[in-house]
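Read the structure below first, then the notes.
Labels for the chains are A, B and C, by order of writing; each one numbers its residues from 1.
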Amino acid sequence: MEIIHSIRPLLAVLVSLCAVPLIASSRKANIREGWTFAAAILKFVIIVSMLPAVLRGSQFTFTLWEFLPGASIGFKVDSLGMLFALVASSLWIITSAYSVGYMRGLKEHSQSRYFCFFALALSATIGVAFSANLLTLYLFYEMLSLATYPLVTHHQDQEARQSGRKYLTYILGTSIGLVLPAMLIVYHLTGSLEFTTHGLLAGEVSKGLVTLLLLMFLFGFAKAAIMPFHAWLPAAMVAPTPVSALLHAVAVVKVGVFSIVRVLTGIFGVEILSSFHLDTVVCYIASFTILVGSLIALSQDELKRRLAFSTISQLSYIVLGVALLSPKGMEGGIAHIAMHAFGKITLFFCAGAIFVGTGKKYISEMVGIGRKMPITMTAFFIGALSVIGLPPTGGFFSKWYLVLGTLQANQWPMLVVLLLSSLLNAAYFLPVVYKAFFCTEQEAMFDNIVQEGPIWCVAPLVLTAVISVFLFFYPDIFFRLAAMAIGM
Amino acid sequence: MSQHYPVLLVTVPLLSAFIISGLSWVKKSLCFPVALLALGTSVFCAISLLFRVLDLGIVEYHMGGWMPPWGIAYRVDLLNALVLVVVSSVAFLNLFATHKSVQRDFPEKMGIFYVLYVLFVTGLMGITVTGDVFNLYVLLEIASLTAYALIALGQPDSAPLASLNYVFIGTIGACFYLLGIGYLYIMTGSLNMADIASLLPPIYHSKAVLVAFIFCMVGVCIKMAFFPLHVWLPNAYTFAPNPASSVIAPLMTKVMVYVMIRLVFSVFLPDFSFHVLHIDHAIVWLSCLAIVMGSLLALNQKNIKRMLTYIIVSEIGYMVGGFWLGNRLGMSGAILHILNDAIMTLCLFLAVGNIAYKIRGLDFVHLKGLFRKMPITMAAFVAAGLSVIGVPPTCGFFSKWYLISGAIQAGQYGFMVALLFSSLVNVVLFFRIIEIAYFEPMETHHRVVAMRDVMEEAPLTMLVPLLIVAVSLVAVGIYSGNIVTHIILPVLPKGIG
Amino acid sequence: MEALIHHIVGKYNYWLYIILMMIGLYAMIAKNNLIKKLVGMNIFQTAIILFYVSIGCKKGATIPILEEHGAHMGAHTIKVADYINPLPHVLMLTAIVVSVSTFGVALALAVKIYQKYKTLEEDEILMRLREK
């Protein structure tokens, strides 16, 4: 495995950071949006430039500065990080386009502030993706929490204030109260914080201590929305939809789940997890969230909240996949990071387009909307298929691998959980689509005139829906990266 | 010339105090430049001294050529050199930043203010640089008296009373310290720190030495506002005028922590303090109490300045507890935190000073919509808040790292929990203010108003030092590893785990 | 019994300073009038000065002033045990100065408080503060 020392990982993180003052000082809105797009495209280009080498098995490393031996601010681009970075950076470009349509369509205030903090948040996300050790991960994780606060509370009304409080309480509370001490205990035990191939803690004998650390990390990364620390996610739906879309369907929550995957593979390692039977513990914690999340989603009438609970459920699929410790399961879980991202973002984009076009937020008010916004609702249908895990969408493959993974790991209860959850997913998505398209004349709440949302909103959601279908036919890129990530 | 730096640091401000006092009768406008020059010289001397000590090791200066233990000796090792740099730079930056505020709020007392200010810094620097226990008492009283007077310059209805209470309690503290060194003098016959340290070991088990230790420590604890002896601090610092509180708050209590460390390292050696007396566990528990109570009391406040004073009480708990953990990590954390807390407190109080200069009220209700009006000040305030919470890469994170690691190594999990609890409470405290400043009244919501129309930022002379301090929060954070390795670890006596 | 008497009578200087210190402390805490508190503070400080001065004392010794007989300066050795220790006295000169300055500052503050509140009783002042 070749190690390449290159400044490119740092550049990928810095691109959007440097764009912030440019965005803040632009006088004209078009120039400002121009800077955002320039930064997003540049970031994507830098990341893609590292892709061929990573696919060959090399790793890029760069150490910015060392604080203590074993604790430094360092970057490492391996297949797992590359997968996440690809997803996040490509979706930033698309979401920026969507943001333009949404914010201008609603004539939102403080757009400069919005785009600045968006860029900062993406910088932090790529920072997490490319972290070489726990200290760097923690630094960018906190930076992300702080950068997304102004985005979540963008509307600056009472509701936003309450949600902001909940957001910070859950996210900062767990990261400072659980992750920080766990990180320091790991450093105290091993003298290092680097993510190593076989797990930093390999060889630790104390089962109680390792279990405690595992629980601290699992619940400490509350961005992964594992119950009971999930309540911030539905509350954060007060944010403008592009924020919800990227950050809460892709970046923020995926950072949480990515951190857990990194910690499980790089700090704990497969051997110690299986020898202490901790994999079963994590499986059960994850499956609780999967089932309960889906059940609550069924009861939600507000579309964004339903999508939020669906996300909570789907995130635990990823954790479950990795916790199965079987090759197929882990591959499926890691690839689901990508598949779910494209599917979920489509769904959120549609929700936003509906709001811009008609002002409707509640599912019960969306009867017959398929006649008015057929393109949007078709995209919604495709996104739903991806999340449920049906062909011809990319989500089918990740779910399929997860199912195979449970068989490989002999975890029959998990198989039941997965199948049950798929049924629940179908139960809360398909009726929405059905009601949108097939309804009687009296029930229809909209006239038959086709009037989609603004073009800047509709084009992105079509694009992500198309990508979801594309990934069904060409899933290799993500599955190869996932397979390499678990060392196969 | 360079061998005179230790004494120049103290005498230049001392003499300039007299010059300024003369000038205040004749030509008031010259007071500020003279003070600036004096403190600038001190900063220069302090930094040069730090480099000298890094090169040469311990630097000694014998006053008047008299050899210790008969004469007074100034002794500078890496610990004092660091604290000297902190004290002089904080004082210098603050002097520059608060000039406009002084000019506006008490123009007729400007000369007096600068005299007291310069004398206060003299006192603090003297405390730091001296190697003689009685000399320390004298300079401690110089610093304290000028602080009492500075505090009394605030609002006539509340400041004199707060200052008088501080006088009472502070005098008790200083007198206890004097009593302690009196017992030390009885037992050893010497007032020089190094000399006492060499004479004490045979008599470690005597009651008189124990009494000396207790009185010295209690006296220092009163002066550094260690819970529950902190009662003078909130009123005194809140009612002090802003230019004064932003120099007293970052420095006074931190220098007292330095005195505690100096007494344990160089007078009552660590052998006595940790191994003969078994009080370290008890003190760590007391610090946990200090941290928790400081945080809880801060939650209760409705005035931003008062809230900050309770945060100081909590931070003192960090330093005392970290030090008494008794291992290298904890002590490094405590000493590093002296540096970091001084910077953070200065940043916070300067920001509050800017706000008071423009808004004229410091209760939470006055802070509405501040992010639009004073974005740069609030950005610095947020940066300092993040440092207090302990978010990397600000300096506060790194001292927390050492303190928590020290707690884990010493097995003092209560202290670790107290530190984490305090971080979480700090999140609430600072985000409460950020919320109020950020969520404006509904009328301006959704109206597209250019930032430039609403902004009413503080003048440039107040903003530039604030920004320098805010940037140094991150810069010092990044260099923490180097600072600990090169400056702090060599200071720790051998024999500490 | 004899040891107890020896303990009390022999160390009477320490007992004296402790009693004075406690009186001063009591006055500072329990008295209501600000001037009485100030006096208490002064008594407290004076007790410590007394302590220091008393420890320099030696049995049968005289005041520490050396007599010079012209050309015999330094020719004869000085028996230290004949003269009481002057160092504590010197230290206490400084401490007295500190005590006086503190007293001055405190009195100035009391004057300012009186100008504002027209009373020197602490409970009345606190009541007026609360009314604000």
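In this section, a residue touches a chain if its C-beta (ideal position, glycine included) is under 8 Å from a C-beta of that chain, and two chains touch if they have at least 3 such contacts.
Small disclaimer: the values here were computed from a predicted structure and weren't measured.
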| task | Would you identify the chain whose C-alpha centroid lies closest to the centroid of all protein C-alpha atoms displayed? | result | B
| request: Name the chain whose C-alpha centroid is farthest from the C-alpha centroid of subunit A. | output: C
| query | Just how far, in Å, is the C-alpha centre of subunit B from the one of subunit A? | reply | 44
| field | Geometric centre distance via CA averages, subunit C-subunit B, whole Å | value | 30
| remark: Between the Cα centroids of subunit A and subunit C the separation in whole angstrom comes to 71
| query | Touching two or more other chains, which residues of subunit B qualify? | reply | none
| query | Contact residues on subunit B for subunit C in the complex? | reply | 134, 137-138, 141, 145, 148-149, 152, 156-158, 160-161, 163-164, 167-168, 171-172, 175, 178-179, 182, 185-186, 191
| subunit B-touching residues of subunit A, taken from the complex the two chains share | 65-68, 73, 107-109, 135, 138-139, 142-143, 146, 150, 153, 155-157, 160-161, 164-165, 168, 172-173, 176-177, 180-181, 184-185, 187-188
| note | Seen from subunit C, its contact residues with subunit B in the complex are 25, 28, 34, 37, 41, 44-45, 48, 51-52, 55, 88, 91, 94-95, 98, 101-102, 105-106, 108-110, 112-113, 115-116, 125, 129, 132
| note | So, in the complex, the side of subunit B touching subunit A is made of residues 386, 389-393, 398, 400-401, 404-405, 408-409, 416, 420, 423-424, 427, 431, 435, 438-440, 442, 445-448, 478, 480-481
